[in-house]
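Right after this note come the structures.
You will see chain A twice below: alongside chain B first, and alongside chain C after that.
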Partner chain A sequence: MNTLVRNLRVVRRMTAADIAQQSVYRGAWIIFMLANICMPIISLLIWRTALASGAQLPVDERYITTYFVLLGVVTMATSSWMAGFLAQDIRMGKLSSWMIRPASLLTGFVANNLSEKFLKLFALVPMIGIVWWIFRDSMNIPAGPGRWALFAISILLGAMLVFIIDILIASLAFWMDDVSALVQARVIIASVLSGAVVPLALMPEWSRGFVDHQPFRYTVSFPVEIVAGELTGRELLAGLGFQLGYVVVFAAIARLVWSAGIRAYSAVGA
Partner chain B sequence: MTPVHDLPPVIAAQDLTKTYTFHQQRAGLGGALKSLVKRKYETRLAVDRVTFSIGRGEVVGLLGPNGAGKTTTLKMLSGLLYTTSGDLQVLGHTPSDRKHDYLRRIALVMGQKTMLWWDVPAMESLLLHKDMYGLSTAEFDRNVAELAELLEVDHLLNVQVRKTSLGERMKLELMAALVHGPEILFLDEPTIGLDVVAKARVRSFLADVNQLRGTTILITSHDMDDIEALCSRVMIIDHGRLQFDGGLDDLVRTAQPRKLVRATYASPVETDRLTGLKGVSAVEVSGPTVKLEADRERAGSVMEQLTRLGPLVDLDVADADIEDIMRDLFLRRSTLGEGS
Partner chain C sequence: MSPLDRTWWHKQWRHLRLWRRFFAQAVVRETHFRAHFLTTLLVGLVQLGLGIVPTLLLFGFTSEVGGWSRAEVIALVGVFQIVTGLMATFVAPNLNRMTTYLTEGELDGVLLRPVSSQFYLTLRWINVAELTNVASGIAVLVIGLVQADLAPGVGQIVQAVVLVSSGLVLLTAVWSAMSFLAFWLQSVNPIGFVFLSLMEAGRYPLVFFPVAVRTFLTFAFPVAFATTFPVRALAGDLGWETVAVGVGFAVVAMLLVRLLWRRGLLTYSSASS
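Then we have the complex of A and B:
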């Protein structure tokens, strides 16, 4: 059987099983999702209040509203929780039970990521739908399907980028006793630099060059900007090019680090 | 080293060596703070130039005290660990390459680690293996039916794994490991924590798998009953070195060259009559019962001498208990001659 077909079948089977396993803890899921949606809604209300109070911002109310309504969808679609789990599997030797089976180790990570997305989608879409309906009159909604198609492509690339960065960070567990501090640092840095807390459009002018070109922008802010902002065709293409470039570069680094890590794997425990 | 079997080898290890590097940290806050600034690294030799080969269809026990290097050896054989030096070929592959063709021909069961998904029925994990190993539906159904019957787990296949007992779970682990029909099965403490009934079931299943499928089995266990029930050959590893490689009988003969004899008489025997016995030692008298150790070669003569001491009620001749032999071996940490 073709390797790709076999691995795809494994991913499908593992995703289904992951969903079945995670569905056991449905109460925890609902609380988790409510927490996820709360932050963008609170931010949205704060920034709208600031604008209503006369704050001078480089963007208008429509941009802010569209940005924060879409933020929930994009952060959900591009986020990954894998780094902590994977690092723990490496540290505790749990990776062993997968390493002795004839499937790419990537299949397990992809399946886990897809199942996470599926369940989040299930819970988040109705919530975001309600928020969308409430603010529908004060949002920038592109008329044609082109922007939405680019939005979808950009989300996919953003999800790949976050996923690869997660593997890269988790791979350091092959050498470090504990990478949880690193995982936490990544979460904090990414939440600021990705635009998940404050829109990057509101960052100071002196930081613009750095903010616009650093990789975390392409995990959240850039896909949202495609719909909410007024990026020119040139800016759009350049952005997608940067996004793809970061995916390729980080994938190459992650592959190198992972290969070296597997050689250093100590498979602790009996 | 000369192979102790005549079968074509499926595992061939030459000077297999593995070292680990780790840092030491003293206990307490002081030690923790010190280790932040300066760390002392040490290298530990876990497996030291081990050479052996195993033929197709053999069942071999890998024995040794905790930390001897057994599990590290098993992990190198199954491809989990890279070797530090030496040559290792299993089924014609270098295990650490973890090629698909290699991984689909082996299985590793670790008594303290699970391959099964915890929150879903075992059948989900079996179906995953169907896809992973590229089994046809007919082949999968046939294997599942055969293994379920041998292990008596038909009723457990659709029960959440976390709701099964330890013994049931080990049976399901074995089933998951064998559903693709591996040629080599590596087992690391497969009966750990199981009750006597479950242990017996697992042992008889493994013997059946070896007989019916010709599966080569390499097993580590601290339970000597596992070894006696399954293995015709044992390898003893201590301090990372292969101290013995041969038949279980050879081990007993080498480590304990004397037979244990217990003779019970109709009435107590006068102790001064026992001093005249030739080829015996460690004589112990308790009422009408005499316990002694006899030279293996002179056991027949000793029996004959014992019958002359008085009317016998019972006479028992046995080899030393394998458990006792292993305990003595590990305590003495004696060298029986590398590879014997």
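Then we have the complex of A and C:
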């Protein structure tokens, strides 16, 4: 327990320091978030045109609109970009100096993740607000704070899941020279299976069973569905259960692989 | 006119010869990194496949959107792949370095050379491996045309090629202008992401967007000239006026970017002094 408290304290301090440091690049964050909302808006316009020209979609206009307006926030909030950097730290031996420190190397990456997201949020929320306002007539807004609370919890779990998957991939750097192809593969596969490109509700019937239960759905699509879709209470509970389950399972695997990696690690340059 | 060249034409010719050297060097370089070639090829193919997913899904629910059939949109995806491949080969490796050029003071070294600095900064580096995406784009375009039962004549092909070329010039001009903002903003690294994200709109025909957005994609961010118009030309329902407008726009855009570059250079005060 003591270790956990200490690590959390370290993360808090490092996050605050990171925020101070990163806020120098305010302009860059705004540009970044501008790029982030381009894709969802393009998709939104395309699917609305399809609906308007008589396409028979399994979901209605309100679902599509709400889905893509919220998509930008959720992809940002659950994203992780650390795999390449962590793999580099392992390969180049930066890990060595952290092994004698009283906190894990990973705390730095957690702090970086939290601080960048904190700053991106400031740039992104006004943009989403404008898009929301433009499409306000066809947005699904759930009544009551309950759904929004679940939305927030689900985003948090989704973010943990993506981060853990990244640790898992980066840990392979203990044994492999170059994991960048794997990192790229993860990004490409996740972009489709997470629902970031097309809402999973529009996937063909034959893929339903797989698409609905694979882990990537719980990184982006599921949190958005909580607000945009008409998930029943049962589906909601089951979904959150699945999400939590995936977090726990992947965390266990990542922990195993990481500690096996640490044992196999022979510091470069030592 | 610099004493190096007798006339303006000689100067252009010298730059063309120089560019040929850049290309030859890039090819030699590529042969040293065969793994890079293979990864670029694989990633390009996967991205092409995934890029078609929304289109295929969409046409699973309807047979026609705004007068475009599935086969025609697939042909358009092919053209999009060709255009993005060409940009990634010849333009992206350069404009992605703009911040480094300006903040690390590398521009000093460029300004001293007997070469147009703008030419050098925009076209110096070439990523030959990305040409594989142009090849796969051509394949997809042909598949789309065959499925759509389109057999364009020579005139239509000329129209399409001219339109794609002017579209490329226009897009390069827009991206250059965005990167040249580095003169005033210092860091513009993420601006390439904005450009590439907006480019994604070129994956779909212009009529898939609301009228206001269509105007934006024709005049402000002219991706329509690079993808929608060429495919319409191949389908035979585009006059030469649009081609002329495209060429005219490209010339104006080049002149404007040239002007912007000159203005930017005036504010440049090196990085280390």
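Throughout what follows, the second predicted complex is superposed on the first by the 258 of 270 C-alpha atoms of A that agree within 3 Å, B and C clash if a C-alpha of one lies under 4 Å from a C-alpha of the other, contacts with A are read in each partner's own complex, and residues count from 1 in each chain.
Convention: contacts are C-beta pairs under 8 Å (C-beta built on N, C-alpha and C of every residue); 3 or more make two chains touch, one makes a residue touch a chain.
Just so you know, these numbers come straight off a predicted model, no measurement behind them.
Bringing the complexes onto one copy of chain A puts chain B beside chain C with no clash. Within the superposed three-chain model, A:P142 lies out of touch with both chain B and chain C [touch as defined at top]. In the superposed model, A:M39 makes contact with chain C only, not with chain B. When the shared chain is aligned, no partner comes close enough to touch A:G261: not chain B, not chain C. Between the C-alpha centres of chain B and chain C, as seen from that of chain A in the superposed arrangement, lies an angle of 90 degrees, given as a multiple of 10.
In the overlay built on the shared chain, the residue A:M99 is in contact with chain B alone; chain C does not reach it. Superposition on chain A places chain B within reach of chain C only down to 7 Å, the least C-alpha distance between them. Interface residues of chain A facing chain B in the complex, by the touch rule stated above, are 1, 3, 6, 9-10, 12-14, 17, 20-21, 24, 93-94, 96-97, 99-103, 263, 265-267, 269-270.
Contact residues of chain A toward chain C in the complex are 25, 27-28, 31-32, 34-36, 38-39, 42-43, 45-47, 49-50, 53-57, 181, 184, 188, 191-192, 197-198, 202-204. The touching residues of chain B, when paired with chain A in their complex, are 20, 71, 75, 78-82, 98, 100, 103-104, 106-108, 110-115, 117-120, 124-125, 127-129, 131-134, 188-189.
Considering their complex, residues 39, 43, 46-47, 50, 53-54, 57-58, 60-62, 64-66, 185, 187-191, 193-194, 196-198, 200-201, 204, 207-210, 213 of chain C touch chain A.
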